[in-house]
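Look for chain A in each of the two complexes below; its partner is chain B in the first and chain C in the second.
This part shows the complex of A and B:
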């Protein structure tokens, strides 16, 4: 039986269904109290800063005050500040000083040139906070300014100062499918506009932090806030010039991440590690809020020129999309971000003729990076605005127009990928529209100065990393002698609860009470490499590795239990921590007895689970291929109330729907959707990072306003559509990112429905809406 | 300077610089890491504690200001029936995601229900307005506070 478990060819949804033969699952599909909730509710959950003991050396970053300049650094005066232990510059990096994620454009510490205000130049290490702060000011940096570019147009000028070698275009992408011009000639209506989406700051409650302890000769342990312990290990080892085995990374509970800590985890941990190794004593780096907002990566801003056409039947005949992503100072994730935008450019619709071009451009501003939804938030804002406008041009209902175009089983994506199963877009859209009473809802009318409107948004999101990067995951499960289990995964708990989802998958397969499965913290010295917690892959990829481990251990437990019970293996079932004979359930052994027997017989009580995703590929010339192994689909209907006297928009109610493949935990899915609704409201209506000449002017909660409890709309019960994915445990697909994508255009479309005003730039703040309403008045 | 105050029902005497915040005193000197440091600007609410029963941002209070007063953190309310009801509702309703805002959030909710045992939804929203949560969208948190209020009422004779 074991040889069946060989990864990609496995149809995990069916195997598990057949193997378990249960009418209803024990824990899968049912909401549970999260196993990590109690320690969090007691305030005993420990985050990185909670691990740092008194007496730890304080590390602070010396940052560039100029957006673009050649520099000379003199640390002599800083070294003279009492209490200063060391000041480290690029010259002190023992390994590699190049730490770019996708392209080699990002120095770990800048020794010759700075690229944005906040670029790290040196690390000050001191006994106390005050001494460190004083020494940061005492580091002398001589700037020889270079011309700086703050906008895409400036950076793209032929004579613009190159920010990195090779010019200001970091990377390009393209798709050529069918014949776009032929498609436009078949169109009855055509719509064209340029859309712009801004930075978004993650504003996770816990600022970046790392605590590093040197161990013996040539080993360092780093406790940090992160999303990818194994990426952190790679980057720390790279900076130190050490082997991977010399670096131990422990992910402390992480206080919100949303993508940002995938980028910052390695950068912060490597700084603490370098300091600890150089000092030969524990060292910690904790960002303050200003630092966290002003200098760390945010959602990449983008500009999208979008032209699309539809025929008289309401079929989209062609799209032509031109995408420019603003990288800021470093490309970081831009090649992946841009590719995701490119691949999803048409939205969740079948379009035969598509021409898409993309480029990512350097500017001298804080760099962009991972953020929930990746490029799909921006591209869907454009695509879904266009779709609404095409419907309007044709005089069609926007839901009806979408239904004529949505991806269905058997459809091909913009990249010509055949979607043969797990395509629940239509059910999501119909479900959300029906729940919202769509037809009735369109005529809400006005009360005094307040006018209501409803809008719809659809979305799809390829699960896992872009650019067809091979993907796999691993996990381990140990049956302890008392019948309890130790589960290890490198997938991180960031608030989303993926590891709890893994434990539920294990509990279901192995028949163990959820409370008997202890999830250990990710520790690269003992945890299997599960790859990053990003791309909404944590549950789908990591959870399937967990299923693989559980299936292997289950088989051994059943085989030994069959002998203990004196019955055929086929008659053994595992449930509630015991193995029993299905023919006579009174014949049973507890997991403690069974565990003891495994140990005595020398049958391994530990299992290593491994899962590899089906192969993906694409042709860089045409963009065509199999880009993502599966997609999650979502739709939202939103009702807004606009105060035409003030321009203030209240999101009154949201009706969300999502095809999640299979719901492992409905309550946690709702949690993801609610959080995404709030972040989506923030991005669409409120959050505006003010950057002037490269300087972030509002790096705090007071001036960069995120939604509070008072901005909370009513959210209808989530419509969960289940179109299982063949190659994942129970058919589950990722949820976290897809949740935010459809909400953004749905709000913008609702504002249009209410006011007749169409906004192509976000955020739609009260001031902008007020001004637009005034302009329109005769 | 020397300060004396009541912390979670016990008298505490300690040394603190006059410019030390209550947040740093509690976290760094007294080891109460349930009090979280989120912004140090009085904007996020993660460092909320009760000062003579009222919620305050401990990053905006200087240590000497608590001289002779009573400070309560989550650690002092483990066995309190109202806090137990809130904790249970937060856990069961799915109000807890990353957990970083939760100690402050629970304390604001606790202070509200002590003053106003049957708040309206709007009153709940207003009471936790100063506690930012970036994970949950507040919906389950508001629901949990309403649930806790109802349960406590129902349990009373």
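This part shows the complex of A and C:
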């Protein structure tokens, strides 16, 4: 029986009809109160810093004050500071000092050269904060400055000082589909422009933190804030030169991550672990806000030259896109980021002729990294601005123009991937436009100095990792003797609620009350490896592994229950924590009785779930192939009010729509949308990291301005489109990242609708908008 | 970032005790809510061996009206100002300004006296109090002196208090019938925001004629400042949209803003015009309503 539920052959979206035999879902598709909500609301939930007891050694990072230099480090004076326990440099790393994520360009501690202001050089370990701070100052770093590049153009100069061996281009990408030039010759209108998007800082409320405890010889436990416990384990073991089994990683509840903790979790945990192991006593590293903002990865800035053409029928005939990503000091995730931008370059439209080139370039600034949307925010800002312009050139309504081009079932993506099902783009766009009263909305007009406008944005986002990267997930489920369940997943709770989604999937399949399923915190010593919580894969991949475990356990429970009830297995139903005979529901056993019986009979009460994505492939020469196993689609209509005297933009209302495959929890989807609207408003209108000669000038909440609650607009009820994905539990697809992508261009397009001004560079601050309005005045 | 350097904390219960400590201790500073001072200490922008916490000096927390004058104790929090019916009713200008400061948490800690003594050019309570013609009571062990509020500001983040002195009270005449006020603030977002510029206007009308006009702007010069040239243009005149525009233009000419991370000088200058015009129009409208 069990073979039947193998991920590749099971059509998970059909579980309801084929397996559960229910007319309706018990919890899937219904909004529930999250099982972790109360603890968080009451401030009882524990985050990493809450685990650190008094007496723990304090770890501080000695950082480069120069953007590019050869260095010599002398720690003697620092070691003499009273209360200092150790000062660790590259020479003290027992394992490997190379910790680059995608490329080997990133030393864990820099001993010879620094690449940006903030590059880690040494770790100071001390009894107290004061001693640590004093010792950080006492570490003598001799700098022999090298020419530094702060802009893409400077770094790309032929005589630019190479930031890493092999020059300043870290990686390139390309797609050649059809014949772009032939496409342009068939075009009636053509538009071309260059778009630029800036850094965006995550500004999670909880800064980076790790607490490490040595456990006798050859073992260390690290509690930290992260997105991928098993990646953290790998990196900690790598730095220590240990086996994976010698490192135990526990993910404490994580106070916001948005991608940033995927990059920083390993780097911070490895520092705390190294200190703890070297000192032979517990050690903790907690970043300050300034440190978190100035020195940790942010959304990669990008410059996109974009040319597109459309014929008289309003069909896009060709796109030619040239993408340059600013890596900063290290490539980090740039190869994957750039590839995602390249693959999604045409936006959610079917374009027969596409030519896309990309490169990621080093500069001597804080490095970029993962951030919600992962390149798709920038590329959709460009693509959706271009689409609006094509429509304008043709005198067509922007919604109508998009409808003529959107991806539909049977369409092929820019990478020539056939989308045979789960393609809800058209429904999303129609839904959002209709909800917003699109036609009427476009005649909103002026009131005094205030002028209103509406804009639309579409988006698609490949879920999980791309190309041929293996993609799988695992989970475990134990039925305890009292009928309660212990669920373990390596997918992390970051505020988004994926593990609660898993629990709902489990509850649906085994008919257990949600409250009887305890979700354990990820602990690499006992939790199955679910791979990272990124790429909007937490629910889709992790939840499907959960479904696999639940289906296995369900079968055993049904088989034992059938014998206890004396009825055929087909008649057994599981619901509300009991097994009963469908023919005679009064014949029932509780899960406690059933559990006892499993244990007595020697039927395993534990199930291990494993899921792997359908295989993908791609041709590196042309970029063509099957990139992502499935895509989430989204559309937003946004209404703005622009104060033409001050340049301030008020986002009045947002109408969101998303094809989520299947909504496991509509309320959690709303939560993602609301957060994304706010983060999207920040990116589009106000967030501005000021970097001068490599130095971040506003590493704080005071001057790095993110939206407040008062800047949050009315958000209409999300239009949830359900085009189930065949290979995930109940057909669910990821939501977190797709939620932000369409908001950004929709706001920019609405500003254009209101003012006639088109901005190719973000953020559109009040001052910039004011200056542009003034320049236009006769 | 560094931990805050260590200091000794003193918690007097009375004003005279506080003044004596301030007089006696070397390198001592008063601290009220600490919302500005703790940040400055941490950044190393100021240093102090002794901090004298005014939080326990209850005699500095009051809001009352006496002889057509409103008096506010310097240690009164923004939240207390906001909750005061007297302030809401008699000086909505100060109520609106207090409402725009920080967040609930910051308003619960931050005090009026602290906001003024911190002497930020962008302090949100400064322009309203300047427009209300406020005076400051400054005490030391030697006695109390009364100064015009404007004299308290010596420069960006610099007040004019002498060693051993404490700001104890802010007082201003209760706005009479026929007066109208307006507070306008431009920030980089709507809530929890530092002013890019802020403007407060007080107008008193008598039969359609502007008897008195007071205009004060913040974040457009080294200190929050009044705009006498613009005020003179309005006083004794029948108000009109054109006149108000002219007065607002005069403000644009008078301000001396700087470029900083929040905005350029040029934008601030232009916004000085826009916000002053809006404040004047709004105050005019309210004054007319008040006269009816």
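Operating definition for what follows: the second predicted complex is superposed on the first by the 774 of 778 C-alpha atoms of A that agree within 3 Å, B and C clash if a C-alpha of one lies under 4 Å from a C-alpha of the other, contacts with A are read in each partner's own complex, and residues count from 1 in each chain.
We take it that a contact is a pair of C-beta atoms (placed from the backbone, for glycine too) under 8 Å apart; a residue touches a chain by one contact, two chains touch by 3 or more.
What you see is a predicted model; the values in this text were computed from it and never measured.
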Chain B versus chain C as contact partner of A:676, first or second or both or neither: first
Partner chain in contact with A:133 - chain B first, chain C second, else both or neither: second
First (chain B), second (chain C), both or neither touched by A:690: second
Comparing the two partners chain B and chain C, which touches a greater set of residues in chain A: B
Partner chain in contact with A:646 - chain B first, chain C second, else both or neither: second
Chain B versus chain C as contact partner of A:33, first or second or both or neither: first
First (chain B), second (chain C), both or neither touched by A:207: first
First (chain B), second (chain C), both or neither touched by A:438: neither
Partner chain in contact with A:766 - chain B first, chain C second, else both or neither: second
First, second, both or neither for A:49, with chain B first and chain C second: first
Chain C-contacting residues of chain A that also contact chain B: 288-289, 702, 706-710
Interface residues, chain C side, partner chain A - complex: 1-3, 6, 186, 188-194, 261-264, 267, 270-271, 274
Interfacial residue positions of chain A with respect to chain B in the complex: 31, 33-34, 36-47, 49-50, 54, 202-207, 253-258, 288-289, 493-497, 667-668, 670-671, 674-679, 700-702, 706-710, 712, 715
Contacting residues of chain B [partner chain A, same complex]: 28, 33-41, 43-44, 46, 73-75, 78, 87, 90-92, 94, 96-103, 106, 124-126, 128-142
Touching residues (chain side chain A, partner chain C) in the complex: 129-130, 133, 288-291, 645-646, 648, 686, 690, 697-698, 702-703, 705-711, 765-767, 770-771, 774
